[in-house]
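Each of the next two complexes has subunit A plus one more chain, namely subunit B in the first and subunit C in the second.
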Partner chain A sequence: MSEFDVIVVGAGPAGASAAIRLASNKVNVLLVDRADPPGSKNVSGGVLWGDSLSQVIPDWEKSNMLERYVEAKGVTFLTKDSKISIDFRSKKFGEYKSGYTVLRTKFDAWLAKKAKDAGAMVVSGVTVDKLAMKDGKVIGVEQSGETITSDSVILAEGANSRVAYDSGIKKKPEDQKIALGVKEVIKLPEKTITERFGLTSPKMGFASEYVLGFLDGGVKAGGFLYTNRESISIGAVISMGDLRKNNQTYSFNVIEQFKDHPFIAPLIQDGRVEEYSAHLVPEGGMSVDSVYGNGYMIAGDTAGLTFSNGLVLQGMNYAVVSGILAADSFMERKSKGGDMNFENYQKNLENTFVLRDMNNFRGLDQVTWSESIHSTIPAIAEDAMLNIFSENGNPKKHLSQIVISSALKQKDKRKDLAVDLYRMLRRM
Partner chain B sequence: MIKMALEIIVMIKQVPDSSEVVIDPVTFTLNRGAARNVINPADENAVEQALKIKDANNDTHITVITMGPPFAESALLDCMAKGVDRGILVTDRAFAGADTYPTGLTLAATITKIGKFDIIFAGEESTDSSTGHVGPGVAEFLGIEQASYTSNSWVEDGKVFAERQLEDGVETVKMEPPCLITVLTNSNIPRNATLRMKIDAMKRGIETWTLADINLKPEWVGLKGSPTIVKSMKSIQEKKRAGKKFTPDQMDEFVDELISKGILKFGGD
Partner chain C sequence: MIKIEDRLSLLNYKIDKSYEHITINPSICETCPDHFCTFACPAKCYTLIDEKLNFKYEDCVECGTCDTACSHGSVAWTNTKGGHGVKYKFG
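What follows is the complex of A and B.
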């Protein structure tokens, strides 16, 4: 007889959602997090997209843990001197769900509290060492040489999956499967933020992804900037390959260059840095051979369930859904008195957008980290825009001519560009 | 050597983590709301000191008590996870606004209600008010001996020994139980709890007492029972300083600037 039905390792969106779902259904669940209060070491850029959380917390949108609702979504290319962006704003972001910006330390502690209120035992400030195995089956977790037993374990420990590595169920990721995210939270008055970003109310927010095509040494990094109620989350996601290749690349330099950009600096002007954090970001989809095994399931970042196509960066929504499905898969098995080998979890994931997105967009990371996206296209666009929007006394050309002539200036990159464009069209 | 069953009580307080307390840039008051709550550091050392005595004296029972809001439960559970046997939270709206006098009285009444005890431990002072009143106050209310500023203590042949860190040396005192000992911050290294111990602590849970449990009148506790009246408070306005940046190749200008402002002076001949 196990001490718990389920042990959930990690109190992030995946783990907490799983624990809430299980505890609400009278399952005896232990949620363990290494940070105290739970979740206080968790980091993400900060937009929770979609409405997945309503499956476990029906009135979640009423929570005061949410910062701003994204009514303005940007995609921006930055070159050294220019900014080229789509700034999409829509009143239709009422019927079409966008997302809420969140500050994770606060938000995740709230999620863990919800799990506790639902009846889960929440233990924080202690790091699980590894999965406890017996006869090829996971029978609980090990910590300081002691075993805590459970019928099954849901592993939701995040991108830096120490338990999974040490238990031999996940290989340490290759460089192209992981990026380094660095982030600052910059304090500014609520009113200043609403005005600076032209938002319609203090409850509404702006979120943009950036291609940073101007960094020293041609380092490839993406940026993000999200508005919270009284702060701005700004950060960069840097290719691990670039970081390793070039030992002159420091994450803090990248974020400083981003903040100093002539069209970013005014947005954060007079703000005070309140928080600095760094985190690994899984890239390129599933990062484990299997999301389940005998006695365990893997959810959220640990399984590499994140999505990024340069236009959006998403992870928390995948985490929430995978956590809930893991909980449901356990209950399905338990009710049938069956074994704890969770191929049903895999099937359940396949039936949702989670694994469909992972499969449909496999290989997209090759595009998002390509030379074309990071330097060739921004350079062409900058050149073309300067021609279109300036007056130099010469007769005007057709738009197509301008673009083609701008593209031709990037001669040596033409072949790569063609390949990347083909990949882009196929995968987006 | 006489081995005896020891009853130890540790008094703790939950405080905002001093490394996270920030000064509000507008009002210049301490913004405690932003900081997480932790066990007062000296109290952690007091708990550890009690546990060390328990390590050396098998038949020891430790109770940890705190007066505070309901969320102080987590502080008690943390102590229990480390090996404390019992946790009591004394909580009541009537206690709100207490200064050190009714706080000491409330804790003394709680201890009286618990009954028999040999040693009471407390941290020397709390990081959020730094008065150091409460420990000695409780000893006075209970009319027992006390040793303050201690860095170590032990029990030998039914007597309690404590080392007091004084300005001019270390004083070792011997006391008859029951007695009270206040423990200095950083006087030992608090142990960590394992997952097993944390789970067991949660399963055992804490006890919650209110004013009605400790036989005190409402006018003796909280704000009403507090003789301290804060007449006024002034925040210190930060002086505006002009900043100027110099790059490494502008060192000449930098030095010139310092000299012209009279900050740097050439001495000697």
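What follows is the complex of A and C.
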């Protein structure tokens, strides 16, 4: 007889969602987090996109743990001197769900409390060392030489997946499967943020992703800037492969270059940096050979369930859905008295956007981290815009002529551009 | 630009004096051709002092970057224990 039906390792959106789902269905569940309070080592951008959380917390949108609702979404290219951006704002974000900005320490502690309220046992400040195995089956977890037993384990420990590595169920990531996220939280008055970003109320927020095409040494990185109630979350997601190739740029300085850009600096002016943080970001889809095995399932960042196409950066919503499905898959098996080898979890994931997105957009990271996106296209756009929006006394040209002549200036890169555009059309 | 030292000083840590959760193998670092860890680590835990690699675990934010960054097998990475290590206010 096991001590628990399920042990969930990691109190982030994946683990907490799984625990809430299980506990609400009278499953005997232990949620264990190595941070104390739970969630206080968790970091993300972060916008929680979509409405997946309503499956476990129906009134989650009423929570005062949410910062601002995204009514303005940006996608921006930054070159050394210019900013080229889409700033999409819509009243229809009332009916079409966008997302809420969140600060994870507060938000994740709240999720863990929801799990506790639902009946889960929540333990914090306890580090699981690895999965406990017997006869090729996971029978619980090991912690300081002791085994805590359970019928199954849901592993949701995040991108830096030590338990998975040390249990031999996940290989350490190659450079192209991981990026480094570096972030700062910058304090500003609520009113200043609302005014500065042209927001319609203090409850409404702005979220933008950036292509940082101007960094020293050609390091490739994406940027993000999200408005919280009384702070701004700003950060850079740096390609590990490029940083290695470059080998002279300090990761912690990339975010400062972003902040110092002439069109970013005014947005954070007079703000006080309150916190600095860093976290790994899984890239390029699933990062494990299998999301399940005998007696365990893998959810969220640990499984590499994140999505980025340059226009959006998403992870928490995939985490929530995978956590809920892992819980459901356990209950499915339990009710049928079947074994604890969870191929039903894999199938359940395949039936949702989670694995469909991973499959449909496989290889997209080759585009998002390409030279074309980070330098060629921004250079063409900048040159074309300068031609279109300036007056130099010469007769005006047709738009197509301008774009072609701007593109021709990038002639060394035309072949790469053609390949990347083809990939983009196919995979985006 | 804010110095990394000043940014790190904003953070709360519960430092475990009895357990270094990351250790390095100095003999590997001595012959390392790239010292990529010094550029990759976002908390500047790895520095070169007189061309010798110096590592301090106390400022670590537990991201795991160095374990991926070091391609020479010098870094032995484990989780902090007992709720020790970095403790974010915002995350």
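Just so we're on the same page, the second predicted complex is superposed on the first by the 428 of 428 C-alpha atoms of A that agree within 3 Å, B and C clash if a C-alpha of one lies under 4 Å from a C-alpha of the other, contacts with A are read in each partner's own complex, and residues count from 1 in each chain.
Throughout what follows, a residue touches a chain if its C-beta (ideal position, glycine included) is under 8 Å from a C-beta of that chain, and two chains touch if they have at least 3 such contacts.
Bear in mind that the values here come from a model prediction, so they are computed numbers and not experimental data.
In the overlay built on the shared chain, the residue A:403 is in contact with neither subunit B nor subunit C. By the touch criterion defined above, A:373 lies against neither subunit B nor subunit C after alignment on the C-alpha atoms of chain A.
In the superposition on chain A, contact of A:173 is made with subunit C only, not with subunit B. Shared-chain residue A:141: touches subunit B; no touch with subunit C.
Look at A:40: by the touch rule set out above, it reaches both subunit B and subunit C. Judged by the touch definition given at the top, the superposed model places A:30 against subunit B, while subunit C stays out of reach.
After overlaying the two complexes on the shared chain, residue contacts for A:121 are found with subunit B alone; subunit C is out of touch.
Contacts of A:276 after superposition on the shared chain: subunit C is touched, whereas subunit B is not. Note on subunit A: of its two partners subunit C and subunit B, the one contacting more of its residues is C.
Residues common to the contacts of subunit A with subunit B and with subunit C across the two structures: 36, 40, 125-126, 144.
Residue ranges on subunit B touching subunit A, taken from their complex, read 25, 36, 78, 193-196, 198-199, 202. By the touch criterion given at the top, residues 34-36, 39-44, 103-108, 124-127, 144, 159-160, 162, 172-173, 175, 178, 180, 182, 184-185, 231, 233, 240, 243-244, 246-253, 256, 259-260, 273-280 of subunit A touch subunit C in their complex. By the touch rule above, subunit C contacts subunit A in their complex via residues 1-2, 4, 7-8, 10-11, 34, 36, 38-44, 61-65, 67-69, 77-83, 85-91. Residues 3, 30, 32, 36-37, 40, 121, 123, 125-126, 128, 141, 143-144, 146, 148, 272 of subunit A are the ones touching subunit B in the complex.
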